[in-house]
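So that you can tell them apart, the chains are marked A, B, C, D and E in the order they are listed, and the count of residues begins at 1 in each.
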């Protein structure tokens, strides 16, 4: 971290990512990220033209505001940040926010957008989903269940991809058995990538214009690409009406890393 | 309510939501919200860049204007406000306006958009519908009718979702009996959510690019999500050409609450 | 009419709508509105941000310019104005212009857009059509012909709706007899609304991206809604590829009324 | 031509359209407009808000720049101008540029967009095509060939329409014989309009998102409308996936006419 | 190169394109451009309105910044530049960037967009792909393999076209043999253009909303057009859901050439 602005921000150069920092009381992040029945909001923003005209000190003041808003809401929310700039079309930063209640997420984003920092932002896209217990997995053979439970490879997974999906009406008209059989084939196609590509599923029907938000973390983008290619070859993919639009590709960053990059 | 701006606004800190305040003569809100033959307009706005640059006192002056415009039209209209910011893509506030004549709604929105407050707004989307007597319900079995008449759970339903729907040409080409049979299946799928998700239907054909505007209120977003999921599994859904685009998700707020939030 | 700005505009407070004012020589409006072989252009505009910042006197000066441009072109054109603001998405005013030659319409709109008033406008959409002799009516039974000839109910029809339509390639591939049979069914479905909803048809193929512009005037929007609903139930509707996008809903206003509303 | 600005521009009031003026050395316009193997670019521009704020003298200075840029490139290019304003949605002027090499067209448009005049413009749309020898005509009966060779009616054809077309994959999958048979039907449907509507075809596959750019000149827009209507009734039209979007309708103008109109 | 600004830039007038200049240590460009497993990003930008207002010296200062940012990242990246202005719709310049890791590409583009030069740019579009070993070629007959290995004609290939492609779900559902047979037909159709049109394929599935990015270089645009026409006639094309949107057409330029053109 650049010492000059770090001093201005009044934070230690050695400070690690905010949510990894035990010194602050915070939402039970682990629970929010693993429990069913949790709401997850993906909110992507692009900087407006004003931001480009700000000089170093003014930027740092605004980034301090960003940091303050995030800290203030960490009691109830798990907040993750991603840098989309350079990799995605019309968005610079992405927030993924988990909470037990959507109105807590709204309070955070209203505060963020209304803050001095937020006035530098244009909303690029907002999507919502809900985590639920696995729908089809209970009926899968034991060996698939076991593989799904095995942990992914340790180590950082810097790349993040977010892909919204809308299924066709024909998909929902299928009976549960037929859908389960196709989801088994889907799951088997995905298993070879289980260790290198971490996945998380959000159910969006009614909360947004899509049915699912799929979220991926990996250190090997080629594996991720091959995973999606495999998933497009199984029968279930023929019931997909929208895949992406947008596809958000970015890199996971701690709040302080984002601040450091944006301060420049 | 923040005392400082409340004093500036010249309103009592204890004032409850405008339309709940018996001190003002107002349109017969109850009748407008329950009668058939009433027009309902959904008008969503986003703040423009000017708004972001306004300081506290200037904002409060503008919000006073908003309040004045709403009060002035309450004689003929039922006006509801929703906060979309943080939950919907390109809109910050949503007005739902009911009236016996569309031109009264136009007068209100022309006054609103032409006011000093309105000059801070960009139109995000405007949709219109008409309330009508239930089309298919008269032919339903008595037990369904009874369940439909039972009141929804008491208590606040803070979340609001607005989803426009366009049916396919094939839907309208079906004879009334076939459509009635499918709507019975649709209604049965929705019944389990009758108590926790309140619904209201607006007929839009010709007034806009959609056939229906569906409006939902709930305190349990997960129930709402499951309701929509159930509705996508019945046969009638296969005759839906557009569902959402936009889906507006927000929270119901009294005018004074909106003002308080926006004043900050 | 507000006396203050009327005095500024130098026009009499009692002046009725421009085109109803016999004091000016004007195009043979009646002929342009009823003859076949006449071009009709629908041009919708939204005010830009500059307009919102203009004070009363500056606005009135600009509206005087609008009035002047319209008067100047009334020799050759029939010009109607509609207020879309509050009822349509991204447009505030709509001009419907009829002329024997499209280049006269272009001259008017170039003058309008290039005027001091026009610099406050953004083009929202422009569509063109041509009036033609009824295509299928000559083959209809006499009683339908008679009903079509009966006048619509007298009295003002303040609401106006403009809906562009594009037919599918399959429609044009049908032979004339089959299309005539379906248009007879279409016409019969529309007859019950003949007295309360006035219709006018413009043929657009090649002049724009649509095949028809349908124009409706009514004082009873619910009747109009039911008319469109009936038309969506006949077979001919299945050959419709685009219906609306945009649907323009507004109110018919005399030029002076529009000026009065916009002056505020 | 208005004498005042003509004097400012330093050109004679009697000067006819630039490309008709033999006093300048210029590209062999006739050859470029009739030979196969020539590239044609359609570039439409809309004026930005700055333009609206320019006063007369500043406008004339900028239009002088436009004239200079056009003159400078006339050695290698055939440049035509059209006024779209008032007749097309989001474009004011259209350039049609023919050259033996696309890079010469790019040089012209880079110079134009980078000039003081070009800084008043926003790109509305750019499309490219290539002229080729007639594909299907050689196999047509002699009487069709003869009619195609007969000249169109003399006299000005002020209206111009540009319609891009994309064929379906099914069209290209047909064998040449079947396509030729359908194109014969297409050509026969068009013949009655041969004298009043002049057509030119550009092949775009790969150079842009469309397969063809069709260009029409006429003095009788109703004939043009009936021509397109006839073409939509033949079988070949069923293999059309995109027709228009945009449809550009405008009037052909000599450079000096455009300058005169824009100077005001 | 114009001597005046070249002196200002402090570079020799004779300097050839940056990446051809052996005086700088640079990424192993040849390897990045030919190896499988390399990431390629296409990032197109348009200048914003500020750029148009910059005078010569200010522009040159900004272009010096562009040059600096590119040089700084040449250690890890192969960076190519193309001029789209005049030939493509809403983009002026295109960067094609190859790297072994996507995060290195992000670092470059974040630096670029955050630089004084980048503040003059709007993102027009960003797409990513991955180079892979040929999928179907190993099973092709030897004579096709031989032709594919023959070098393309020597000499400059100034025109560049970039076309993104999305295949239908039906394509991916075919078994590998059927896809291989169709790709053989596709390859045979392309062979006649092998010498004059150079092709490169990027696999995008999951990284973006498309499946492939196809990149072409040629000096003969007509050959390129005929190549695409041939490819649209083979069966495989029927499994293409999106072709273009956008199609980027431009000319390859050395960094110094781009700077020279933009400095004016």
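Here, a residue touches a chain if its C-beta (ideal position, glycine included) is under 8 Å from a C-beta of that chain, and two chains touch if they have at least 3 such contacts.
Small disclaimer: the values here were computed from a predicted structure and weren't measured.
The centroid of the Cα atoms in subunit B and the matching centroid in subunit D are 48 Å apart. Centres computed as Cα averages put subunit C at a distance of 30 Å from subunit D.
In subunit C, no position touches at least two other chains. Contacts between chains close into a ring here, every chain touching precisely two others. Following neighbour contacts from subunit A out to subunit B and onward until the ring closes gives A, B, C, D, E. Within the complex, the subunit C residues that touch subunit B are 49, 52-53, 83, 85-90, 158-159, 161, 163, 221-222, 224-225, 227-229, 232-233, 235, 237-238, 240, 243-247, 249, 251, 261, 264.
Residue ranges of subunit C in contact with subunit D, taken from their complex: 37, 39, 41, 43, 48, 102-103, 105-110, 112-114, 119, 123, 125-126, 128, 130, 169-170, 172-173, 203-209.
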